[in-house]
């Protein structure tokens, strides 16, 4: 059985390599061919277009961003969807809106193609190690058919429900990631402004009950002020916060905290931090150019003033 | 050595009981005497006022809310501060603003009294089990002097820095708690509106990398819709979010996400959920009275519509 | 010259009536035919579908919500766009995203049809009186061709720029309207909670430098607590805030205040106020079900407590 | 009758000059004496301290910021309050929290002094022209006694209610000002990002129904990018937004939009715009350092992309 893989970026190249490592024959396509070199050396076949790829494979994985790239790969003149033989399976691992997954499933269905949305949790390193988590939406039978392949790339495969359930869960996950990072960045900046050392703060918070576990992975970046290369660019997470809030709009749900987070990430992007790891939100919020002498901000540590909060000594 | 304990609410009564259990002699005071009954049966001495208590003890613990109660206990006509012999130690376990701790330390100092701010993490159950975490600000020597007592009540004692460092860390902790709960509530409501079952969501999120560990303790409440009795009333957490954002104002820090969370908790209080456990924020956000027929909100599950997000099929 | 008019709701019916009043021959279509009765009595011709209408007219006005209705009217199987003769003009008065206007202009262009986006400011009453303001995007020549018709329906016609400029300005306008109403609602609720009478507040604020002029039109509603029938339903304004923030996302702009407003309108919709006039946001924010005795909220007026803000009396 | 005036900054110096111009004898005090030079040349008497001033006058006006300055002037060792003869009147024109006004009124009352809170609307120029608006809280009889003096400095004197009603209204007013400016700044930045010219935007919005009248006064600043010298420094308005949201906290009111605005002003201060006129919030939000080539932000005008919002052409 030949497997098609479209989208060989940071994630896709590592995922495809794991399929290859398990002995699967690949036909690959990417916008820029250089990204495919390692896979081609390993025996993969190059296809000049998604359409050309489609005629050679029984299953297609796509791992693309942004959404428009998925549209182009699937539905453009050179797209694969109209070239796939009926009954084939398309597994979209891209992080997209659940409504988009559902519309892709419909486009597939009218052509007799089966569809799974199967976005992943985990970034560069879990992709390389094959320890991603797959959140899958679609028919159980279709998942059963491709589960062995997913297990080459991930250590956990979760069936979340019907079409769109995978991307729904992924969106929720990244909304938690984005707001969690923002809340933690605010916590650190507040704590330091109150005179606590960063060391005391990180030691007390990370690993504690109130800080999300993923923050452990960000500790070293924060300590060293080193946000490049990005595991997960801030710009992408802002996109996912937008997907979450837009989905919420369409289902009539209120997300005031998530919207506030979304806007702060946007301000950080505008301040030039879009390509940095998303933990750079801390660096953005910690930045301070105010030099007003009348302020209580001493260099090297802000000293809060007690003026208004002093109780009366009776 | 006799120990004074003022403030015998949910937390204080359990903390004092642990001191007693370890064989310490207590003199206690509380606004309402009934709360002291168990301790008195156990051998504690009742004091009619903070002032009356002060003359009998070498160390005083206070565990009070709101801030004004601390002021009253310490500085009113009946207050303990002017009655304590010089050199005595006051340990304030209340959750208050760092600026307030610093002003209390000054009030103490001018009377020759030593002061530690030592707020705790953990609610009802860790208070009973003696597994609280103490975040301590003040002189190392003063902490050394009372550490054995703190270890009767808590399993971890962290020296965070000088005066106010304990309350600073506590405020930061509760800011994380409050925003973390709000982000999670929004995640759940979004996920359910997208058609995911609450079970799938809780299973995928809780214990995962993106959800703070304390949420495990809230799972059963959310599953059963049972927010009473409160471990930590929503109203109190909103107060702590206010302490955090006010502290941030005074040190010149921006906390847009925390401010957004603070306001949502306020709306939840106004909607009648102030006395419920703070995890009731989920119930508040999940509540829906909109019955417009043109809406996509089917009873029992919202169905998102794809209208605007449909890509073009070229 | 025959004029087509599609969409005879609150706004469209009144706009079409003004065209008729000026002697223009109309062919009309609406989802429900009853809405057309008055116009048909006045001499208008009924068309069973947008397509049927298209073959009889030289210019088409559309006044529809939501966006999908515009898509259906223009591009569905029964849509008008493929039936219009080349060179005809489509004027879309609907409030939609600028990106949507631009895509409609493209759809029109490939069929040789000219396109103007021409949304309006003003609600029920200006629509009836012919005193709307038209914000027009598109070619100057196309505007020139239909300006006399627009002047039958509005007192001001502003050419804002190329395609999408009209809807861009309209979105900006409604973003100001929505946030302005929200800011004013918060002002009123705060003022009343501080003990000011609503009369003093309305007298001082409305007509002053800090309150937008449109608030004059909302005064009576607020004084009487009467938000029905809606001039402009709260639900629609929330949609426009969504259009604004989504547009901002696509152009990379931050709108933290507008996003916060958007979410509060959403909460008001969820609380059952979606069909009320958007000034009901005040009623939503003023609502209070908290009955905690420990709170400072006396019935009939909240009394602020001075505790923390008391300065020290030295 | 001799009049005391304490606080000769941008506002106070101009207000005192108007009293002098109307023939009133002044005794003045200021932290730095130079600010008093013009008044002293005009015949005013200098007092070395608030206490020294108190013994010479029948009425005292204070116009001070921040709050602590009022505390110092009134209640410190050198303060005026304990030196004023019983029955004298203190009129505080400072912008402070209503709770603070109420506590000052109490401090005054215990010494037999009458108190009015009388903050003003209007900045530098109305102060010079004597066209301020006074918002007064306190007893009607006390207002009657000093109304002629207020009318030397302002064109409108509004009795808002009992003690604290003046500062309550002022806080509400500035909350509207701050959120209104923020909403307008977001509107402009959005409009420009959508391709509208600043000229078209300012022409359409300013003077229209949705933009607050005070924005007319900011138009030239925005057009010229000239925010110095400040009529009203951004930093001060942020303080007033803090007063509003803190007051709201104490009265149990939710102000999500105002809190969001407060945080954006804070970010603008941190970015170095605290001393600029508050209309510089626009410049802050318009600033853009993102240079990612994959973005749709062309220099000189962002071009929105339609990707996700394209409807399907069926």
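By written order: A, B, C and D. Residues from 1 in each chain.
Following the convention adopted for this analysis, a contact is a pair of C-beta atoms (placed from the backbone, for glycine too) under 8 Å apart; a residue touches a chain by one contact, two chains touch by 3 or more.
All values derive from a computational prediction rather than experimental measurement.
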Neighbouring chains shared between chain A and chain B, ordered by label: C, D
Remotest chain, chain B as reference, centres from CA atoms: C
With chain centres taken as the means of their Cα atoms, state the distance from chain B to chain C in Å. 45
Chain centres from averaged Cα atoms put chain B and chain D apart, in whole Å, by 36
Where chain C and chain D are represented by their mean Cα positions, the distance between them in whole Å: 33
Two-or-more-chain contact residues of chain C, please, as numbers and ranges. 67-68, 71, 97, 100, 246, 252-256, 259-260, 263-264, 267, 269-270, 288, 290, 295, 307-313
Across the complex, what residues on chain A touch chain C? 242, 245-246, 249, 252-256, 259-260, 262-264, 266-267, 269-270, 307-313
Touching residues on chain C, where the partner in the complex is chain B: 66-68, 71, 97, 100, 235, 256, 260, 267, 269-272, 274-275, 287-292, 295, 307-308
Any idea which chain B residues touch chain A in the complex? 67-68, 71, 75-77, 97-100, 102-103, 107, 121, 135, 158, 160-162, 164-165, 168-169, 171-177, 179-180, 182-184, 186-187, 189-191, 193-197, 200-201, 204-205, 208-214, 244, 246-248, 250-261, 263-264, 285, 288, 290, 295-297, 302-306, 309-314
